[in-house]
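Structures follow.
Two complexes, one shared chain (subunit A), two partners (subunit B, subunit C).
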Partner chain A sequence: MNLLAFEFKKYLFKPYIIFLVLFCTLINLMGAYLSCAYYKQIYDHENFQKIYNRFLRGALTEEKINFVISETKRLQKLTADQTASRDYDPKTYTGNLYGDRFLFSLDIYPEVKYAVSYAYDNQRVVEKASDNIEFFAAKNNLYERRKNEQIVSIYRNRVIRDFYDLKGMKYFVFYDFSSLMILLLCVLIIAPVFIGEKETKMDQLTPSFKKGDVRLVWTKIIFTFTVVLFISLWFSVCDLIGFSVIAPLDGFNAPVFAMKVFQFTPLNIRLYQYILLGFALKTLGIGTLISLVLLASRVFDRITYVFGSSAGVILITYLAQFVAKASFPFYELINPALLIKNRYLFMNYTAQNIFDYPVQSVIVAVAANLTIIASVVALIILASRNVCLPKRQIYMEAKA
Partner chain B sequence: MLQICALQKKYGKQCAVDGLSFSFSSGIYGILGPNGAGKTTLLAMVIGAIAPDGGQILFNQLPIERNRDSFVSSVGYLPQNPIFYKDFRADEFLSYICELKDIPKAQRAGQIAEVLAEVNLTSAAKKKIGAYSGGMRQRLGIAQALLGYPKILIFDEPTAGLDPIERIRFRNTISRLSADRTIIIATHIVPDVEFIAQTVILMNQGKIVLSGSPAEINQQVQGKVWTLEVSYQDVDRFIGKYKISNIQLFDGRYTLRIVNDFAPAEYAQPAHPRLEEAYIYFTEAQANELIGL
Partner chain C sequence: MNLIFFELDKTVFKNKGAWLLVLAATIKLVMLATEPHAINLFTYENRADYLPMINSFSGKITQEVSTKIEARYTAITTAQVELASLRQKYNRGEIPEANYYEESRALEKLLRDKELFLTLYGQYIYAREKPEERYLLYENGWNALLTQERLDWGCLLLVILLSASVFGREYEAEMRSLLVATKKGHAPLLIAKFVSLFITVILCGLNSSIVEYAFFSLKFGLPHSDFPLQSLQYFKDSAFELTLGQTYFAISAYRMLGLLILAVITMFISVWTQKSIAAMSVGLMWVVLPYALPVNPSTKYLLPSPLGFILAQGFFRGTQMGEFYQSQEVLFNAIEPMLQIQLVAGWLVLAGVMLLAIAGKFLSAGQLFPRRKKILGLPILLILALLTGCSSSSAPHDTTEQVINLSDGSSRFTVVGDEIVSLYPTFLMENMETHAINRVMRDPFLDDSEVDKMVASIFSQEGNLYYLAKTNSELRIVEIDLSTYRTRVLYEEYVPITPELIHQDLEENSWRLGKEDFAFFLDGADIYILSGMNLYRVNSGSKTKQVLIKNIYGKNVAFNGENLYYIDTLFEIQIYNLATGEKRPVSNLRADFMYMREKKIYYRNMDKGGTVYVYDTETDQNKALLAVRSTYFVCDDDYIYYVNDDDRGYLYRAKLQTGISELIVPQSLLVYNIQLFDDYPFVYFRSQSGDFSTETYRIDKRTLFYEKIEEYQHP
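Our next item is the complex of A and B:
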């Protein structure tokens, strides 16, 4: 076994940690189920699925569009004077005409309309941005001109060619409970990484070993980020499998803007790519928070201080995002919680003015979080380079 | 082999190690001093756990910071009151130490078996460290220090928590290991080093107050150790006034051994000094420290 494997043995492969991972996985799946159950109550999921699978799924053909329009009109006409029967009718989709009307008018028609009219609506955004380019060029406003050029470049030629039921995908994208589980487990695993060495007094021994210098510290840093990656991956896969079964998920190959909440997203990628991107950003955000936990473990002498400071940092981070502005000023982009709930970064186009160049907020947020991680790692390495023990500790122990 | 030159360490205004210089070659060195004398700080600086504020530590004529890999490969260290990882089995723990010491993989199993046998822990190799007694943990600490056949062994209060039999076993083990090695034992328990150390270093308040062989050190207090018989009523009077190294009750009378520059009473007889009396004389330690209480 190498040093990294021993770190896994010391801090991860413990019966109570394994139990907690499994327990949190179960709680998380229950959370996913309850989240879906709540949303499914809001609309007629079962009947929507029947019509969707039979008539609508896949390429948006003229035939499908005409079917939705004609059925919606027919049902509105039949129920307009409220005299139609409310009794069960096997020829209807939902059991009676009123149910059919609500399903088409409130669910199916708006969704199909969004997909069909997206290209047109989006073109208006592009035209507006094109006008802005001329306007800001005349005003010599370089940043705004470049920003609008970027908007045109991002949004032009967008079209939704296929229709998918993306409700399940929306629940999946908006599900945050697993992030809390990941944070909780990572704090429990990482908090003792340096403190554990102090409590066992191994920190007095390791400097006398060949690999007990900065190499051991690097191993602990690598272990920390490996754990974050592993736990984040585990819960993300569980979320994906859980929602695929419970929701279910469809439209992995659809563009991100096919989801109405992402109508103005600057992303021109497929949903499966967005899931991968979201996972990477969430892991980075969690990694930033956990690097602070690791620093606390390095600095403090008692595990309670590490847990206390970790809880404080996570709480402040999470509370800070609630006062976040839609335009994301820079001080908000350094908040790791924004990467953990990264969907907010992709709902609209937002950019930061960096030397008159528009840099998308997500890039600034990633750079800021990477800088925090690099600074924390540098601090830990520096703290470990010369002095491996709190000086006072040795003296006090010798005195005791 | 190992030299410390004008080594200094301060904690605020308190000087824990005060310009200390010494050369260690092969043999057993006993660093004796009361709690807070600076022994642990000195050893922590030697193994690189803390950086000195001044002075240098040389290994084979080179500063250890420029020669670290070579130095740490030659050092085995046992810290004070080690706890280790409670979830590890002893053999797993030693395997981890082998990895930290960068001992070639092919040699590990053999060395682990060897050091476990050396400290009489072979039968407990598969036991979790959490189930070990204090003495067993101390022996495991000695075992890990022996891995890699280091030329320098440094033990900080190695007999803390050991019962008398284990203390004797420890001393015998150290004596056996001392050929061609430098062994440094820091302790405040005089008998730990009295019979095995070739050189004793007396430390007090961060300084070396005296060093030499036990016989040479004893020579320094020759004529300063007295023995006298007193009644029960007089014992308290002597305790308050002199440094007492031993009190013995025999036939209703108390025999006191007193360390003092002149005879404490007319009827006091000069006695042959022991190392613990030199220790008391030079460090002003109390008698209870000598027996490890």
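Our next item is the complex of A and C:
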């Protein structure tokens, strides 16, 4: 434990690191604010919130549905011939009838409609998948048959019972700016972990210490992933607090598919569980990238090369574009950026054909990234073995 | 002077700076080659025809130039009507044949480049508004070079790496205290360090600018660098009276200034933290974070970061307001020249202060450490492997007489084994024996309407069905083995988009009008895609795509394994030989519809009032087949099935040997497709109903009984 504490002291608890973490936190909050401000231009949040809080929040009752339908029709009728007054009217929701009409027709009505009709739309998916089971069985296509069986079991009996304002949650889910800062800070902290020892020639001294063998290497590895976890947690919590205040966030208890962008998600969990899952996957993705930085630190002799290669790899991976498709090719699944921007994995049902079994893409992506981390760790240990010989071996060789 | 060289050696050569410069140039080239360019794709793809046209009018819009352009515009816009009128007169016998051919060919020549000329005319209208400051020129190269904000990541990283090591290495190797104790270890040393770094940064900047300029010059051309900047619409409101060349020079100068300021900031951090890694990280953050922030694009130039100078392009833009519903929104605020001068002065002062601070900090007394030997291990640098695809050689061309026609609607209706596959009214297949109808796309998450918008074209070959799916972001050609329903993606193409670090598109499924107009067919490893008026050839192995033929009229393309036959936009039937790339007209034929079977081309002869003729490609014989007008027809071994425009659009068939016609569908249906089958006693045809949906009919060839297949409406 002492070793780990020393690593923290050496590489993390530095004044400029702490300053940068705090500074980046402020920038992150500013980014969250600007991000929300940008998205809020698209929707009339203030008036939507008024109507939502007064009439719509909570269980979707027939009364609420009828209210939305009747108000939408009433406003469409009143404004159909464009002769209604455009002057300020305090009796309206937004200030005039046309604003009310846009609010209901383009915002409230589609949202409520989505929630109400979700069960029916989903049922069509299940029915089609059920038909497909027979169809593919007749074609002896084992993979497609199993895939459709999986779809039926995942998607059946889904229903949205409550109505929430999930716009803030959508902005939160789509926010990636903090990931960039986490990556840059982790590069700053982790890059000198091995290279620092080499540059000060301590790597020749440490094997002679009591715990200076492979245990030290493991300590550094554990330190690396602990830092990744800590920094990721810090910024994720900041994002959550920031968006809760700025957005704000609502509907933590709603199912993930309550958000239209996740209409066909294979996840049957609540949004607060999805946030936790998203955090875990993001941390794993960042961990994969930072493990490569650690490897560079172990392999190269100069900090310049470590930084150059790390920054280059991170920029290339981070700038990778993903679109929500029906499937992901394998080279995208091993890209850690897909775990960092993990929402793309959950927007649609996607599966990989593993020996005629449909394995969901997220599982393959996680397995691929864990494999990369394990391989990198193994490489680091192997590379360190020549230097970090067990003390007994050193003693035996010296005696010989 | 020695010190400078010594510092250069340390900073650049010992850090493999030369290799890193090459690497940065390579990264720059790769990014330039893969990013989307702000060019007019139409004029670029047709540059062989467009360049002579624009070059003949390039320059200032004088009265003479204006008169010429207007005259040509008038001639071109009336040519179509005049040509149609000329044909009618000829068909009525009012003008002799010789006169007709002479005048029609002259009009066709005018029409050949109509679309290109209209593009030029649009540019002319823009330039005419302010002829003193807007000139006509081929602008693709300059638009690509100047109108896109571009961050050279390779150069940026290189500058940060080198700047951080100038002082950072001295601290980490504990050489600082030794150096300051030497004879020249004060001002001369510092000046040498600064000068060597600045030389390096300038070299990096020059490297980046030269690569960029050379790339666009070679790829698109950069003619007339002495024309005013406002000749480009992007800079129409620019306050600067500069030429295009001067603007690029100024942008390069700004970029170098930005890189120098960044270098000073990085050095400053390295001296204060005494850590290279801290300097590198902070230096990178100082540019990347403002770049990623979701602020108005013009604000980025005013943030406390050298990012504005590194981007540079926005300094020369004018104010840009939103369009249509965004009319009150300012998309970009011009940065006034005076403000720019203030920014430059402010940053120069700040940089000067930082340099003094660096000097003060570096030269101050510090604790002495034993001199350490420098680690000189030289790692192997990253080697970028340029991915090159292997071209799979095309399979030997099938020289059988099987002809692929796109005009007959086979891109929408085809046969695969026992299945008749249709794209309309929706994507489904009918078993020829049992008449059972099934959807082709089995994805339970896609509605029929989404499938219909997405699947643009189909093709069948060797028992497999191929379909082309097009969305806003990608184009895919998928192979389905209908017996096992195993699928394979044959070809994929993504629309290149500039990656966003923030402000993702919140909705992934964007709204589209409907099915896009594509047709395609396969020949060995080659995929031929007809998109708009162009035919592209893609090698499915190497994914290389080339434009094969331009200006094709409709879907009038036929392929016999060796040659491509098509009708161009002047209604001339052309033949393109795949092996030689040679293109020539087919015996002066004029048609707006054609169908090819074996060695014969059946076509609607525009010079003969739209009646159906047949041309034998072997014997060069051209003869009339039907005395009636028809806009659509297909043939099998015995009959030609056609829509009779002279008889209310009824469906007829005529024996090929004798030309004797018989009526088979005495109903005015808007027939747009007739599908014939080998060894199947039925003929299918499709018509468009009143609500624009497709109705499918089946005719029994033996009895000529026909019926509508209701199951297609409700699969």
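Keep this in mind: the second predicted complex is superposed on the first by the 378 of 400 C-alpha atoms of A that agree within 3 Å, B and C clash if a C-alpha of one lies under 4 Å from a C-alpha of the other, contacts with A are read in each partner's own complex, and residues count from 1 in each chain.
Note that in this section contacts are C-beta pairs under 8 Å (C-beta built on N, C-alpha and C of every residue); 3 or more make two chains touch, one makes a residue touch a chain.
Bear in mind the structure is a predicted one, so any value in this text is a computation, not a measurement.
K.L.:
Hey, is it subunit B or subunit C that touches more of subunit A?
P.N.:
After superposing on chain A, more of subunit A is contacted by C.
K.L.:
Determine, under the contact definition given at the top, whether A:Asp301 touches first (subunit B), second (subunit C), both, or neither.
P.N.:
The answer is second: A:Asp301 touches subunit C but not subunit B.
K.L.:
Quick one: classify A:Glu199 as touching subunit B (first), subunit C (second), both or neither.
P.N.:
both
K.L.:
Who does A:Tyr39 touch here: subunit B (first), subunit C (second), both, or neither?
P.N.:
Touch status of A:Tyr39: second partner only.
K.L.:
Given the touch rule stated above, what does A:Asp213 touch, subunit B (first), subunit C (second), both, or neither?
P.N.:
In the superposition, A:Asp213 touches subunit B alone.
K.L.:
Once the structures are superposed on A, label A:Tyr357 by its partner contacts, choosing first (subunit B), second (subunit C), both or neither.
P.N.:
A:Tyr357 contacts neither subunit B nor subunit C.
K.L.:
With both complexes superposed on chain A, which partner does A:Lys9 reach: first (subunit B), second (subunit C), both or neither?
P.N.:
First partner only, subunit B.
K.L.:
Between subunit B and subunit C, which residues of subunit A are contacted by each of them?
P.N.:
199-201
K.L.:
Subunit A touches which residues of subunit B in the complex?
P.N.:
Checking each residue of subunit B against subunit A gives 9, 11, 14, 16, 35-41, 44, 47-51, 68-69, 72-73, 75-88, 92, 95-97, 99-102, 144, 154.
K.L.:
Which residues of subunit A touch subunit B once you look at their complex with the stated criterion?
P.N.:
1-3, 6, 9-10, 14, 196, 199-213, 216, 386-389, 391-392, 394-395, 397-400
K.L.:
Quick one: in the complex, what on subunit A touches subunit C?
P.N.:
Contact set of subunit A toward subunit C: 16-17, 20, 24, 27, 30-31, 34-35, 37-39, 42, 125-126, 128-129, 132, 135-136, 139-141, 144, 148, 151, 170-171, 174-177, 180-181, 184-185, 187-188, 191-192, 198-201, 260-261, 264, 299-309, 311-312, 315, 318-321, 323-326, 347-349.
K.L.:
Which stretch or stretches of subunit C touch subunit A in the complex?
P.N.:
15, 20, 27, 153, 157-158, 161, 164-165, 168, 172-173, 273, 275-278, 280-282, 284-285, 288-289, 292-295, 372, 375, 377-379, 381-382, 438, 442-445, 473-474, 483-486, 497, 499, 501-504, 506-509
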